[in-house]
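What follows is chain A paired twice: with chain B in the first complex and chain C in the second.
Moving on, here comes the complex of A and B:
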């Protein structure tokens, strides 16, 4: 990864991620916020690729762009009068806000510099990551995996029930 | 990466015929320290989309639809109207680039761009030949399914940005359709991935090669493979908004759907994106079920037809021919079947295709585990 091309691409994606994330927060137009999230999600996916976690990167695109972002856009578009409502994004409580921000950043940096769990692992990844993920999900993590499946199934049934055509009300 | 540049500056035939030899040679090609090879690597599918849209996409579709309706199609510009597409392009280039006054300028402008990028990104993992693939990812198939999500956002941006009822209706219909049909499509492709045991597009293709030609293709390797093949084909029609699933652009009810307000080059980009995704889904179905760049001809005794028609250049011909065949079927269906209603579309997806996709998934799993 010492190749200058990769470095340039990395900083390009980092810049896209940070700038679009800032745009999401600072713009007053909700629709622009939602569309800007697209670039943030893609930038993060690209950063995952740089960490050689390509499976996670693709999952990021599938789940966040294909699922959550589309849902968000639908929600924003179908909310009546969303373009008319003035968005309140003025800054209140500057002093406590600044203290809180400084405190959080300080705590994060402190943790980052004092804990030494960031060493690169001795053995590099061998073979296909997808296969490893499959084996791990179906062996060591089979219980959490099944629990999440049941939770999602329950959510699916609940959503279908809520969206059902109400016969009694008709 | 900084190997001598000149030795690799050779025509493809001298780069060797090993797996991914051409693309790797291109990726290592630097000019004055700039990664020019990577740019060329990305530009090849782009040029391919442009050329095929101009010839087969526009002219071919007009001629095919004309012949199916017992017409002649374009005949005036050049012999048999061959130059018609060039006239169309000149017309599109000269048109004024209109942005409606009440449109959301930013979204209106980026919409077609995001849409085209979405359809183009999947070309990174399509193996165009045994020696050429943009990026040989080990999650290639998953990536190709997932990246379509970008197209959805592009359609929404175009539909919302136009600030037009028909556009928004078209966009919302299109997105609902693409998001729903992703599920049967993904499960159907999962059957193919299960037969291969990998998600790497190049490996999936290699597993289907052999001296018996078409008999090694996954479609003929298992007695239920035709079911996911059919399901993916139907779902892919819906994903690229082609008839009989063209309700997002339904001319008779929605004017032209999400691209009603577009004209000139922006309209051309939207069409380029549509043709790009048409070839993309056709290539994916050819790779997963019909052997990608493998030759379908078998070796018959001493007549080694398969060996004669194998190799990187032949491979590129085969996958493009297979892709074009499926595009022809898409055009054929367009003039054969009437358009579905929105409720029929959802019925077909959730109550027909998805259950059958699950059935084919289970049957393929049983076949792969218990039949050696």
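Moving on, here comes the complex of A and C:
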């Protein structure tokens, strides 16, 4: 698909995603990291729309931005007072970390671009896939669907139990 | 030039490789446990981009369903991990992952 508008919008969202992800990783301030992660999640959701997975994009916005990011912000504010200046986070292993970063990206890109090239099938996904997701969930994937719902319930009860306010202690 | 302007599978794979690298960098170099969790979320997002890209260019639904389950598991993981981090903060008065070195109070 070589529609110029399509290409420009793709590169715009890719740039937003990569720049805000870099800011999450390289800034020292935890609050800045958390808010920059918001832009990363929105950029990734936009890329999901490009991949014609609109339902996954909406789920990404609801679950990541509405749930996980709020949880992370609560975590930041519980563990560093918002008023105190010591919310910079220390870094260590900078040099091996940089080598790992460059090595992983370089190795993956080398593999992607020197292998024989992927051959897309004739029938790529087109248009909305919400209806197909419904059929798949209730037919082939009904057992994983039920299992993951029980897992989520158990995990959330466990998390509430772990983080409860302990009256008897101290 | 044709390679750059026609958005194909390689563009998504490149993007997800970059996100994976950043996530691993955060997990490896940061001392704050919450930023380590943010790195894990970046890695999961990179994996999801790969699943959806392969699913789109293959034409099947397997990658889409797997991406959906990955999002559910990520939500459960974030809830549990933050509960653990808050407990660690109660006991050690810090969330510095390099200073937590005992299993008991």
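Here is the rule we go by: the second predicted complex is superposed on the first by the 116 of 170 C-alpha atoms of A that agree within 3 Å, B and C clash if a C-alpha of one lies under 4 Å from a C-alpha of the other, contacts with A are read in each partner's own complex, and residues count from 1 in each chain.
Please note the rule applied: a residue touches a chain if its C-beta (ideal position, glycine included) is under 8 Å from a C-beta of that chain, and two chains touch if they have at least 3 such contacts.
All figures in this text were calculated on a predicted structure; none of them were measured in a lab.
In the superposition on chain A, contact is made by A:44 with chain C only, not with chain B. Judged by the touch definition given at the top, the superposed model places A:97 against chain C, while chain B stays out of reach.
Once the two complexes are overlaid on the shared chain, A:142 sits clear of chain B and of chain C alike. Legend: residue contacts after superposition of the two complexes on their common chain; A:77 is shown touching chain B, with no touch to chain C. In the superposition on chain A, A:152 contacts chain C only, with no contact to chain B. Which of chain B and chain C touches more residues of chain A: that partner is C. Once the two complexes are laid over each other on the shared chain, residue contacts for A:129 go to chain B and to chain C alike. Of the two partner chains placed by superposition, A:12 touches none, neither chain B nor chain C.
In the superposed model, A:58 lies in contact with chain B only, and not with chain C.
Once both structures are placed on chain A, chain A residues 4, 55, 59, 74, 129 are touched by chain B and, in the other complex, by chain C.
Per the touch definition, chain C reaches chain A in the complex via residues 2, 5-15, 17-26, 28-32, 34-35, 37-39, 41-42, 45, 48-49, 52-53, 55-59, 61, 64-65, 67-69, 71-80, 82-87, 89-90, 95-96, 98.
Considering their complex, residues 3-5, 31-32, 35, 38, 42, 54-55, 58-59, 61-62, 65-66, 69-70, 73-74, 77, 128-130 of chain A touch chain B. Listed in rising order, the residues of chain A touching chain C in the complex are 1-2, 4, 6-7, 10, 14, 17-18, 21-22, 24-25, 30, 33-34, 37, 40-41, 44, 47-48, 50-53, 55-56, 59-60, 63-64, 67-68, 71-72, 74-76, 78-79, 89-94, 96-98, 100-102, 104-105, 108-109, 112-113, 118, 120-125, 129, 132-133, 136-137, 140-141, 144, 148, 151-152, 155-156, 158-160, 162-163, 166. Chain B contributes residues 1, 33, 35, 38, 104, 106-107, 110, 114, 137-139, 142-143, 145-150, 152-153, 156-157, 160, 168, 172, 175, 179, 182, 198-200 to its touches with chain A in the complex.
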